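Would you mind keeping the following structure in view while I ask a few things?
Read from first to last, the chains carry the letters A, B, C, D, E and F; within each, the first residue is number 1.
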Amino acid sequence: MNQTTTASLKPFRRLLLTGAAGNLGRQLRGALANWADVVRVSDIAKLSEPAPHEETTIVDLADRRAVMQLVEGVDAIVHLGGISIDAPFEDLLGANIAGTYNVYEAARKHGVKRVVFASSNHAIGFHPVTEVLDTDAPQRPDSLYGVTKCFGEALSRYYYDRFGIETVCLRIGSSFEEPKNPRMLVTYLSYRDFIELVRCSLFTNRVGHVVVYGVSNNPVKWWDNTKASFLGFNPRDSAAQFAERFPATAPGDSHDDPAQRFQGGPFVLGEPMEAKR
Amino acid sequence: MNQTTTASLKPFRRLLLTGAAGNLGRQLRGALANWADVVRVSDIAKLSEPAPHEETTIVDLADRRAVMQLVEGVDAIVHLGGISIDAPFEDLLGANIAGTYNVYEAARKHGVKRVVFASSNHAIGFHPVTEVLDTDAPQRPDSLYGVTKCFGEALSRYYYDRFGIETVCLRIGSSFEEPKNPRMLVTYLSYRDFIELVRCSLFTNRVGHVVVYGVSNNPVKWWDNTKASFLGFNPRDSAAQFAERFPATAPGDSHDDPAQRFQGGPFVLGEPMEAKR
Amino acid sequence: MNQTTTASLKPFRRLLLTGAAGNLGRQLRGALANWADVVRVSDIAKLSEPAPHEETTIVDLADRRAVMQLVEGVDAIVHLGGISIDAPFEDLLGANIAGTYNVYEAARKHGVKRVVFASSNHAIGFHPVTEVLDTDAPQRPDSLYGVTKCFGEALSRYYYDRFGIETVCLRIGSSFEEPKNPRMLVTYLSYRDFIELVRCSLFTNRVGHVVVYGVSNNPVKWWDNTKASFLGFNPRDSAAQFAERFPATAPGDSHDDPAQRFQGGPFVLGEPMEAKR
Amino acid sequence: MNQTTTASLKPFRRLLLTGAAGNLGRQLRGALANWADVVRVSDIAKLSEPAPHEETTIVDLADRRAVMQLVEGVDAIVHLGGISIDAPFEDLLGANIAGTYNVYEAARKHGVKRVVFASSNHAIGFHPVTEVLDTDAPQRPDSLYGVTKCFGEALSRYYYDRFGIETVCLRIGSSFEEPKNPRMLVTYLSYRDFIELVRCSLFTNRVGHVVVYGVSNNPVKWWDNTKASFLGFNPRDSAAQFAERFPATAPGDSHDDPAQRFQGGPFVLGEPMEAKR
Amino acid sequence: MNQTTTASLKPFRRLLLTGAAGNLGRQLRGALANWADVVRVSDIAKLSEPAPHEETTIVDLADRRAVMQLVEGVDAIVHLGGISIDAPFEDLLGANIAGTYNVYEAARKHGVKRVVFASSNHAIGFHPVTEVLDTDAPQRPDSLYGVTKCFGEALSRYYYDRFGIETVCLRIGSSFEEPKNPRMLVTYLSYRDFIELVRCSLFTNRVGHVVVYGVSNNPVKWWDNTKASFLGFNPRDSAAQFAERFPATAPGDSHDDPAQRFQGGPFVLGEPMEAKR
Amino acid sequence: MNQTTTASLKPFRRLLLTGAAGNLGRQLRGALANWADVVRVSDIAKLSEPAPHEETTIVDLADRRAVMQLVEGVDAIVHLGGISIDAPFEDLLGANIAGTYNVYEAARKHGVKRVVFASSNHAIGFHPVTEVLDTDAPQRPDSLYGVTKCFGEALSRYYYDRFGIETVCLRIGSSFEEPKNPRMLVTYLSYRDFIELVRCSLFTNRVGHVVVYGVSNNPVKWWDNTKASFLGFNPRDSAAQFAERFPATAPGDSHDDPAQRFQGGPFVLGEPMEAKR
């Protein structure tokens, strides 16, 4: 572990970011610098060079001992790590199920009291697109990947009720530079809004255990964050600016396609994958 | 039927507008030109001259055979036709009840899969003005006219559940050039917002069967469209600009007047009318 | 009209029963004798000989003038009349839509303040069998017949809100001597319980406008009358005694059959019928 | 009582303001001048000199006879009077419980039909900060003071149901020039928005009996006024402009402090006080 | 205070019963003997001779000091004391408002952790008879008496949230030997069921703060205790046995009488009473 | 695998029971004989000798290939297998998480369309004992064991939404010969009622994906199965007969013990266990 010590007056002493090499992890690395003296960044994949305030470390989340070490000494965790697409169950079992358990168990052992957990819209992807969900909507996973996110939501609930570890479960929509298809006009979360959502999740004094949808202020809405408005997340971006790229069409027969009928989009068409062996 | 053929790249090939000679129908005719190659416009009353892209036809909606012909070949229907004020039951029975049945039965026979149905706030007019309704609020018709709109909502639900014909039921407030009285400061739907609402109703890929209130973003709100926000209807106008025309007064005894107590306004004072014979 | 005068101390002076020649009408005729001095019974079909306390009259409910006369002088109406199976829309339009309007309009003109209206489970037949409905459940008609019952529920709501005419809408399940098929083990309403339900509907001091499911205390429940328990309807019979006639089978592929999936049973498979001409 | 007569065309002839010497009362005095010909202002404490359109009077609200006289001849009452912090029960019993009863009883005797009642967020202060409340949220008083506000809400409900006196219960957050601590970034109600809320409460034609949260459009939200949106209260200010004064900190152990966990803040730590005798 | 010491193995060492001279208090005195070694019984009115296990004491609940003494040394309190009919506000202010405060404040000071509080159906009497209430139904007091019961419910909520004193609020219907009028066929609570309800309220290990309707298993139901079913209250009696005394009548015009329309019955017609001076 | 062939007219041809050597598995083995020609029983532990209609097989559910073979040829699965107490996460990961996945994946591959899944009250054990839960209550696992049951509920939901495999999730209370402690007076499920619940779960024609509490008709109720009443589960037993074994006591300080405050009882006090290595 490449460890760095800095002294400053930032609100957090040391924050941990898992999944730092991923799409969203890379966005967040910069922002975390403003919030903590030290940012510990980890991934199973190669990470770019650490900044002076950073500690980088390569960790397989399925490795309990390594995770225990990873979490030591941090004030809060932004847990983006794990597999973020559908995958063979064996892989999900390690990275997402055992991995998330390892993170929470390490948090318990080391007294960490706040986790920001990257859940996913795929935890509720089998709700129809004609339904607007609030943050109490029942889980409807659209894939094994989605099922592992449901597991993470249940697990973190347990660690809150039993051990007082607070978690904000971010049911992230589609966070990319820009929407890539018509569905993402609805599910788009700009990078700026994503960072703001993490900021609210880290800094709100008390969050208990709460679910919040990670979505910008887009014209079409499937998700309603009213019950989580105590987080103070007020997105500033909107997919409206990209609407012209995906001109409206008459609803054709394709609208009976499950990928059109359910919020999860193409995920709802997947099938459990065989392990690559 | 004055039929026209055009070739273009607009999203719809042919749209049908019923009630095209009415107040709202006239507003919509222009807009439809942007969305469809051919716009078939019909009314029982005289219609203005067809534009090059239009087909005009005089039809009594109570005439099953004529409606069957009217619907042939269209991709979607904006059904504003029928009587839009209180009237003798016999008249409503033909124009609104049999008429709406004829439209849906023709849609079924001709394979039309999307209808935008002009319901009305008078389907819920007997809710008190001190209650804010969401789109699941139970029907409370304030007149026989309102009862026929309840019929249309139930009928279209049947055609959706049984035959997959999708409908957006627009519970239209008061859509005029400007609010005409204090009540309309609440119920006002600008023409621009009305057109936008029809646009959302036609172009949203899937709508299922849904109710939405047709109302601008007015300062006082009786209706909450949150559950229909998957339509992407975001009104841009507000009655606020007209507020000064109706200066505030102290609430007097008139506030016990049923026309003041219920959302339907003066409609709640009507009585079934005798047929004009 | 064969009119009879009797003098007694029964709670009602004169009750009107429409649809008296039908299955349920015949059951009820006897019971009404206990509740009213005079029972006016009507149907469009032939009625059996009047008892001394009865007035019998053949009336087409679609005939406004005849209905106006029929209702004169009664204290309350049990409105079972109309078509009780799916039928061509033209027929339903007369018997069920105009017919029910005529009954309410006559009630208004003659000052009748209580109606017991035979709605039907087919007003909600497109709810799945895996859902338990309370009396606020939204309408989901499973047939044009069901749509006319929705119309009757909306119409009677209007007459209550506007004119104070109280109605109990009975969403009757399957009221026969005995269940005829497995579905009826769930929807069975014994004749005795049906009569008790009408009794509660007539005698409860205030009912406002309320929906109640007409169903016995069967082992399997789709419907929950808790919100209507102010009526005091406590069924005494159960389909359990008939369960052995329909031995349990393993759920086979037939369970994807819409007639198995939805509460309305085979009704959900019907299609609008052509008028018999 | 220093009584003044003016003649004009303002909407109200005479408004009564109790608690006029308090923080909010002083803010409101000026605004009332625009709405009524005569403004009667009262307090138990010394009031500043009356303006020409004002009548000032010193009244102990616990004095029934004095209150009866105070209310005579007014069109509506803005009842801010009473004790607005925690206090010995004996004091609350007089000022807030008997005092509010006296105001309503005087309103009944003198035919006043509209009261704007200053309830408080302390009527719901024992809800956790991780819950967003709508206006139907159950009472959870955080102090004896809060209990007296619950009393006022129940009492005014009675006067509405029984005598038709309409009341808007304002559950006021923290209305000061500026937020004084981090909690007030959530509960802040600017003076301008407070005045606007009273205006809406007085001028909305019908209000029935309704609860509304008195809070500006702050970034973090604990309270949702959707169900009261028929009042047309649209706050224009926000605590966002003051956010920098209270820089975000990492959530520390203090977040288990009840004053951090519950919406009422430090009030939840109070204990019943002994009377000062 | 006539104090007695006994030694035994009953579950409670000492129970306090206030209002012991009243109708329900007299019923309960006997039962309490089975549950506690010592039963302290008090009232403002004369009490019958104490049994060997009883301590009797005359106390005005409005007398803080006397109540403080009364509560000393008890394990739990059954608080039936106070005025149980409508009365001048001054009287209610002392007996019901200050009195209930005194009881809770004494409980806090003496470490008593369980109170069974006699609230009343008159706390919700302005709900219509056509509505079935669960235990979360909002308060709708039908009288000043009812308002004081709302106060007691709010006050006890505060003492629970703040000091952990648990309370079961019994919204008692009509507890007499027998129903005295048709309304009581609905609201009847047999003495036996009343005693059982108090037993459940005292012995259930944890009750938090809960509302429960005190009503037998009558045929007509306005109240639904499902949400309080963790108390294990299963009434064994029913008003059905008394139904014949109040023969059913046709609903006449009297049904517009507020005393017929609202659950509170004749209470809803009362008016605030002048103090008897 | 000890395979047997019988020919008969029982409703199911072949049923699979996992966890057959456990407490509940042993109860069920006998009953299944009445419902299927062949009963395949499996466990990881030793099973008693097969009856003529039985096939017995020892299978580790974590072994994908073995499970695939186990499921082949069955019509429906009663899945009681896995660890039914708290255990080290590694063990739960195999037996309950991978094990349940293997069962569903095998069901999908072999076309099995009905699973009865033994979930547990420990999936909701962190709800307080003063709350009555319906079958939509959110998960609140009280242990890692409970978290794995939440996983099973989410996973089975996915297999229903995606592949149409129906599941009844039984949130079983305490199913033993007799209640063993006061908590079990509430959570008791008699063996007879357990068997009846499985019967309803297997034979109801359509179940979709549903949660139901496995509990007898005990006097104290924490769980309400109304929304699952379409299953026809009507328990016949009650813990009332055992009540005298656990005499009521005064609620003492122990009521602050989490094991007394939460429905999960002592489970809520557990901590993640280290693997036994």
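Miscellaneous remarks
In this section, a contact is a pair of C-beta atoms (placed from the backbone, for glycine too) under 8 Å apart; a residue touches a chain by one contact, two chains touch by 3 or more.
For clarity, every value in this text was computed on a predicted model and none was experimentally measured.
If you match contact pairs by residue number, over half of those in A-B turn up again in just one of A-F, A-D or D-E, and that pair is A-D.
Distance between subunit C and subunit F, defined via averaged C-alpha coordinates, is recorded as 42 Å.
Between the Cα centres of subunit B and subunit F there is a gap of 52 Å.
Here the touching chains pair up as A-B, A-D, A-F, B-C, B-D, C-E, C-F, D-E, E-F. The residues of subunit B lying in touch with subunit C in their complex are 89, 93, 97-98, 101, 105, 108, 126, 136, 138-144, 146-147, 150-151, 154-155, 157-158, 161-162, 268, 271-272.
Within the complex formed with subunit A, the residues of subunit D that make contact are 128-132, 182, 186, 219-222, 224, 247-251, 254-256, 260-261. Partner subunit C is touched in their complex by these residues of subunit F: 11-13, 75-76, 113-114, 164, 166, 202-208, 210, 226-232, 234.
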